[in-house]
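Per-chain residue numbering starts at 1, and chain names A, B, C and D are given in the order in which the chains are listed.
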C-alpha cells in the first residue's frame, strides 16, 4: 500500500483538471461503441463476445490480460447455467469470435486488463460490468434504440441496466490511459466482471486475489432514476442481498385417475412464493423481497412433481438481510413439509452494503464537478438496490485500500414509466470525464 | 341375542299393521310438541332443558332413566366446552328446570329411558338426537316457524337439522309404547343422545356399554333434500368423518414498531385453511373437507399470536377418511413450521360408514309403506353426510345385534335454497308410523 | 345407416371366431412395431413422423388417405403451439420423412385411412391415438424399454400412455383387413387422431364430418391400472373435462428500487393455482381439478409481469364440469383483480362422458373372451379419466350409429408406483384379437 | 394567538426551573394513582370509569368540564362497538360510578377539563389517553404488577401501553396547576382522549373545535423501547396509518351434503389476509401492514358464509399510506370476487405524521434536562408507530398554534422480550417534571 501523500486533493485543484493531457474521447465515439455493444447483449456467465471485444481492444493498446481460473475461481462460481454458457459460446462464435479466444476464456467470461506505467505509484482499479438482462427490448418509436436502429439482435435479452454504456466508457478510458501513459504513475487495472446481475460474479473474482493489492477501487453506475446531469458522490442504502434458488421435488400422478397419489410441488412452490412475499417488514431498516420466477409442472393432467423458484431478499444491513434469508427459507421449508415434498435451496448470489472512504468520495465530487454535462453533485442519495461490486470494495478496504462508488444521473425525461430503461447518451461523457479526472487526480504525475 | 324367529317378516304382513293396537298420536300432537322444542334449541353438550323435558315425560310413563357417567363416559367426551355447558345449565334453570334435575344430569346432558314389558323378547333401541345448531334462524315470512310464531328464542341457535322433530316423535312413541305395553314383548329403550352435530356424543355413549345388549337399533332422520313423502330404507354413502380442532400459537409484537419480532399465527392458520381446502380428491371414493371456523388475532396493531380452527374431513370409507385427516394435519403442521409457530391438534369427533343389516332394511321398507303420507320407498339414496349414530350401529352389530337407519323425505317445496332449513311437519307422522310399525313388527306379541 | 340385421350376435358365436380367416399378426410382429414407435414419441399436434409412418404402410395396403383440412378443420383446432409444430416437422424431416409427405400433411398431423370392400355393409371406424406425453422416460434397469434398448430418443417426451401400442395394433389390423378383404363387407376406416392428450384433437375431427356416416365406432385403451388380462367391456366414469390455458399480464419493475410500481403476475397466478385446487367437491358427482403447470417471471430482481398456467377440471357429468370450469375462471379472475393484473383464458381441450351402446358392449365382451391372453371380462370398471374420443362417440351416436370403448388390462406387476408407466406387451395381442374379432363379427361376410 | 414574546426561552433558564413553585407530586403519589388505574383498564370507547375518575378529581380542583357531543362529535366517531360501550357502562356502574355521571357522559367517554388563571396568556393543552388494550396481562412473578399485586381485574384487558401512567401524571399535574395557579397565566386545558388505540378518538375531538384556539398542544408518551431515563424531544417517523374493517359475506351450505352450493367467506378472508400481508415494500419510505384479527365461520360442518377482518396499513408519508390502503382494499376485493362473496370495508381509524415546531422541541429539551431521573435528551429517535394525536397537532398548527410531542424512556431491563409491556415507574416523575417545567416555561408568570 502506498500512502495517499502524493494525491492531489480537492478544491485547490484547478477547474480544468487536464491541462496538457490528451483526452481522446468524444460523445460521438462513445455513442458508436455503446450502440454496437447494445445490439449484442449477453446474460450473466455468457459474456464471451463482450469479453472478446474488450480483450482485443485492450490487448492492442498494450494492456496485459488475465483470464479464466486466475480471474474467476470456479469453485466459488454461483448461479451459472452450463447449458446457457455453451449457447453463449455458440453466439460468440456466430458473432465472429475466434476459436482461439473462446479457448482462452474457457468456461468463464470476464478478464482483468492491466497496464503498468513503469513509474512507482498507486494501483487503481476500475470495475466494469459485462452482462445484460433477460428483458425483452421495446421496439416502439419512443424507445431510442428502436428509433435509431440499434435494438438488441437477441429476443428477450437487453442491455437495460447501462452496462453497455459502462463498457463503452471503459474502452475509451483505456485509450485515454494509453495516450497519456507518460503522464501517469503506478498501474491502471480494468476489472471486466461477468454476472453482476444476480450478484454472482464478484465473489469468485474476489476469491482469485486480483483485488488484494489495489490501492483505490472505483465503481460507477449510470442512473436512470437520478436527474440527468446530477452526479451522486457516494450513494447510500446499498442493500445487502442474498439470492436463493429453491427447488421442490414431489411425485407425479395422473390428476384424473390417482389425484391422491401425487405430491404436489407446484402447490408447495406457490405457497412458498406467496408467503415469502409476505415476510414482515423490519423495524431496524429497509427490506426488499422478490420471487422473480417460478416454474412448475410437467403436464396439464399430471400432479406437478417439480418446481423451481428464484428468490432474492435485501436488507439495509447484513443482520436484517440474513434474518430475511433465513425466514424465507423457513417459509419455503414449511410449504414443502405441508405438501410432503422435498425442498432444496442454494445461495446463488450475494452483495453487501457500501461503506465509502471519505477521501475518495470528496475526490469524486471534485472530479465530477469538472466533467462535461455535470450540472450538480450530490453528496449522497439512496441507491435502494444491490451491487456485488460491494464485495470487491470490502475486499480492497480489508486489504488497506480505499474505494469509491458514484452514480451519474442519465435519465430520459420519460424514463420512470419503463421497467426496462434506456439512458441519455450524452452523460456517457460525464461518466468518462469523471473517471478520467479521477485517474489524473489519483495517479497523474503531478511533478 | 334372540333369534329373529318370532319376527313377523315382510310382505305377508297385513297392510294395516296395527289392528287392535292403540296408536295415540296425531299430527296435531306431534306439531305441538315439536314447536315447543323448536323454540328452545340447545347446542351439543348443553341439552339440559331438552334432557329434562324428555326425562320428566318418560319417567311419568314408567320408563326407567339412566343418567350421567353411567350413560356418558366422561373420559371419552370430546368437543365439549365447559363454559358453554355452564351457560347451558343456566339456560335450563331460567327455563324452569329444577335444581334437582340439574344435579341429576351432572355435567353431561342426555339419558337412556327403558321400559321392560316383562315378557321375554328382543331389546329394541331407538336413537334420538337432542342438539341444535349454531345457526341464526331466519325471521322472514317465508320461514314457517317465523310465520307461525315458534322461532328460536335464542339468537344464533336453531333446530335446523330436524332433531326437534325426532324428539317430538320419540315422546309420542314412548306414549304409544306405554299405551300398548300389554301387546309388546322384550324391552324398548330410547337413547337420547347429546352432541350428534360434530359427531361427538355417540362415542362416550358407546363406551358406557348401554348398547352392548341391544338386539335391534333403529335410527332415522328427517331429510330435507329428499322428496316429501319418500322414505329411504337404507341410505348409502354415509361418510366417515374426523373432526379436528387446530390451534396455532405464535408470539405477538407491535405491528408498527417491531413487526419482525412477532410469530404470526393468523397467517399460519390462513395458509392451513386454504391448503386444507385444497386437499386432493381421491380416486377410491368420495371426499369432503371443510374449515368451518377460523378465529385469530388479538388486536389490530398486534402481530397475531393465536389462532384456532375447526376442521372436518369426510371420506367414503375409513381408509380415505384417515388419509385425509392425516394430510390435513400435514398441511397445518407445515404452515405452522413455515411461520415458526406451534401447532396443536385434537380429534373432537368421529363417525364411520353405515353397513345396513338386510333384514332390518327390508322390514323398514315394509313398515314405511304402511305409514301415513308415505308415497314411495326407495331402497337406497346417497346420504353424503355423517352421523355418529354409525358408531352405535357398529357397536350393536359387533355384539351380534342388527341395525337399521332410514330417512323420511320432508322437503318443503323451496327448501333447497336455504342452508338452515325447515321441514314439512306432516311427515312427522310418516316417521312416527314407521317407527311404531317397526316396534309392532319387531317386538309385537303376535301370538 | 345400415340395419344391424346381418350382425352375428353374441354367445351363439363359435369359440373360435375366425375359422378360415387369416390372422397375420403375432406378438413378435406387434412388439417390433410398437418398439420402433416407442423410440420416436411426438407430443400432440406434432405427430408428423407417426402420421407419415402409418400413411406409408396403409397406403401400400390399399387404403385411401384423407389428410389436412378435410380431416382436421383448422378453425376448431385448440391447444396447438405453432412453434412446436414447426419443430415437429423438423424432427420428422430429420427422421427421414420426405418433403412431399410433409407438404401433404400441411400444418396438421393425423389422417383417415379407409378401405372399401366393395360389398355393401357397415362402415366401421377404429380410433387410434398418435401422440405421446411430455414425460421424461426412466432409464433405470427396472424399466423395460431401458432394459431392452428402446427408450425414447427425445428427452422429456415419452409414449407413457400406450398410444405406441395402439398404433402397432392398428398397423397389424390394417394388414389383417387387407389379407381378409374378400371375407369382409362394408368399409373399414382408421381414424388416426393427433393430440388426444389434453383432449384437443377430436373436436376439429368431429367438425370435419368424417364420422357422420360411421355405423360403428370402436375405441380402446390399454390400461395399466387394470389387472393384466382383464378386459373391461364398457368402462364407466369417463369424466367430462375442460382444459383451460390462463395467462396473467402485469407490469414489471425493479424489485429493489421500485417494488411498488410492479404489478405482480406471479403472485396472481400462485393465488389462482392454490384456489383453483381448493374448488369445492360436488354433491352430485365426482370432480377433479389440476393445475398442471405454472410458469412465471422474467428475472430474479424484477417484479414478475407475466405468468401462464395450465388448468384442467373434470366432472362426472357435463353440468358439474361446466360449473367447475366457470368457478375456476372466477378464482383466477379474482386473483387477477386482487393484484391489478390482466387475465386471459382460453379453452384448449374438452371431452365428455361415455354412454355405451349396449349391443356393442355385449359384442365386445364376446369378442374379448375369445382373444389371446384374455383371462377375464368385466362388464364395467371406473375409468376416472377423460378421453376426447367421447366427442367422436357422441357424434356417431347423434347420427344414428353405435359405439363401444373397451379397455385391455396390461399392468406390469410393479406399475402402480410409476407415474410414467409402461405396459406388458403380450396384451397387445389381446387388444389386436378383440379388435379383429369385432371386425369379423361386425362386417364379416357370414353368408 | 399570543406572541411567544413572554416565553422564557431555552438555555438561559436557571437549572432549577421552579424556584418558589410548589411541586406537590412525588413518586409515591404517582405510583399510587397509576396502580389503581392499572387495575381497571377499559378498551377504547368504553372508558367510562376512567373518565369519571378524572372528572371527579379535576372538577374538585376547579377545572371546568366539557363532555359528550360538545367534545366528541358523534357523527365522526369510528371504530366504536355499541354493545361494548354498554358493557363498559355496566362495568363503570359496578365499579361505583354514579348514574348521574353515566348520564352526563352519555354514549361517549372522554372530556376536556380547563382552568382559567384569569390572567391573559396562552392556552396550553395537554393530551392524555384513557384507553387500554385487549391484551391478557401476564401473571408471572417477573411481571411487576403481578409481583406487587395490581394486575388488571379484567381478563383480556390491560394497560399495556402506558396510558395508566399518562393519566396518573395528568392528575398530579392538575394538582400542580391548582396549587400554583397564582403564578400562572392564560388557560390550562387537559384533553382526556378516549380510543387512541386504533387511531379512533382524535378525529371526532378535532371536529368538535376544542383545539381550535389552543396556542400550544403538548403530547408525550412513555416509551418502553427507549433506554430508561432518555427523553426524546421530537421523535420522527410517526407513521401515517389507516385502519380498515373488512367484512366478507358469502352463503352457507352443508359442507357434507352440498359443498358446491356455499360461497366461502372464510377462504376469501384467508386469501385477503395473506395477500394484504404481501403488499409490496415502497421505495419512497417505510411501510407497515397488519391483519390483526380474522374471525370467520359459523360451524364446523357449514361452508363459512361470514368473515370479518381488522387491517391496518402505515406509511412514512400520507401518499404511501393512501397507496397501501387502496392496494389492501384491492387485494380484499379480488379475493371476494374470486370466491363469489360480497366484500364491505370501512375506515375506522386514521393518523398522520408529526411535524414538530422547532421552538417547542427546543423547550422540551430544556425542560426535560431539568426533570428528575432524566439522564439524556435526544433530539430525535424513530417512533415507527402511529398516534392520532397527530390529527390534533395538525389541527392546532393549522390554526396558528404550535405543538410538541416527546417521549420518556422507561424501559425495564428485560422489556423487549414482551409484547405486552410494563414500564419502570420512577420515570413517571421524569414525565411529570418535564410537563410541569413546560407549563412554567410556557405560561409561568415570569414577571
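Following the convention adopted for this analysis, contacts are C-beta pairs under 8 Å (C-beta built on N, C-alpha and C of every residue); 3 or more make two chains touch, one makes a residue touch a chain.
Chain labels with UniProt names: A, B, C, D = p-aminobenzoyl-glutamate hydrolase subunit A.
The structure displayed is predicted, hence computed values, not measured ones.
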item: Same-residue or different-residue interface between chain B and chain C, half as cut-off; value: same
item: Chain separated most widely from chain B, comparing mean CA positions; value: A
item: Between chain C and chain A, distance of the C-alpha-averaged centres to the nearest whole Å; value: 50
item: Interchain centroid distance [CA atoms averaged], chain B/chain C, Å; value: 48
item: Rounded Å distance, chain A centre to chain B centre (Cα mean); value: 69
item: Multi-chain contact sites of chain A, meaning residues that touch two or more partners; value: 257-259, 262, 264, 267, 271, 274-275, 277-278, 280-281, 283, 288-289, 303, 384
item: Chain C to chain A touching residues, read off their complex; value: 133-135, 197-198, 225, 239, 241, 243, 251-259, 261-262, 264, 266-267, 269-271, 273-274, 277, 288-305, 307, 310-312, 314, 349, 383-386, 419-420
item: Contacting residues of chain C [partner chain B, same complex]; value: 274-275, 277-278, 280-281, 283, 286-289, 384
item: Of all residues in chain D, those that touch chain C in their complex; value: 257-262, 264, 267, 271-272, 275, 278, 280-284, 303, 323, 327, 330-340
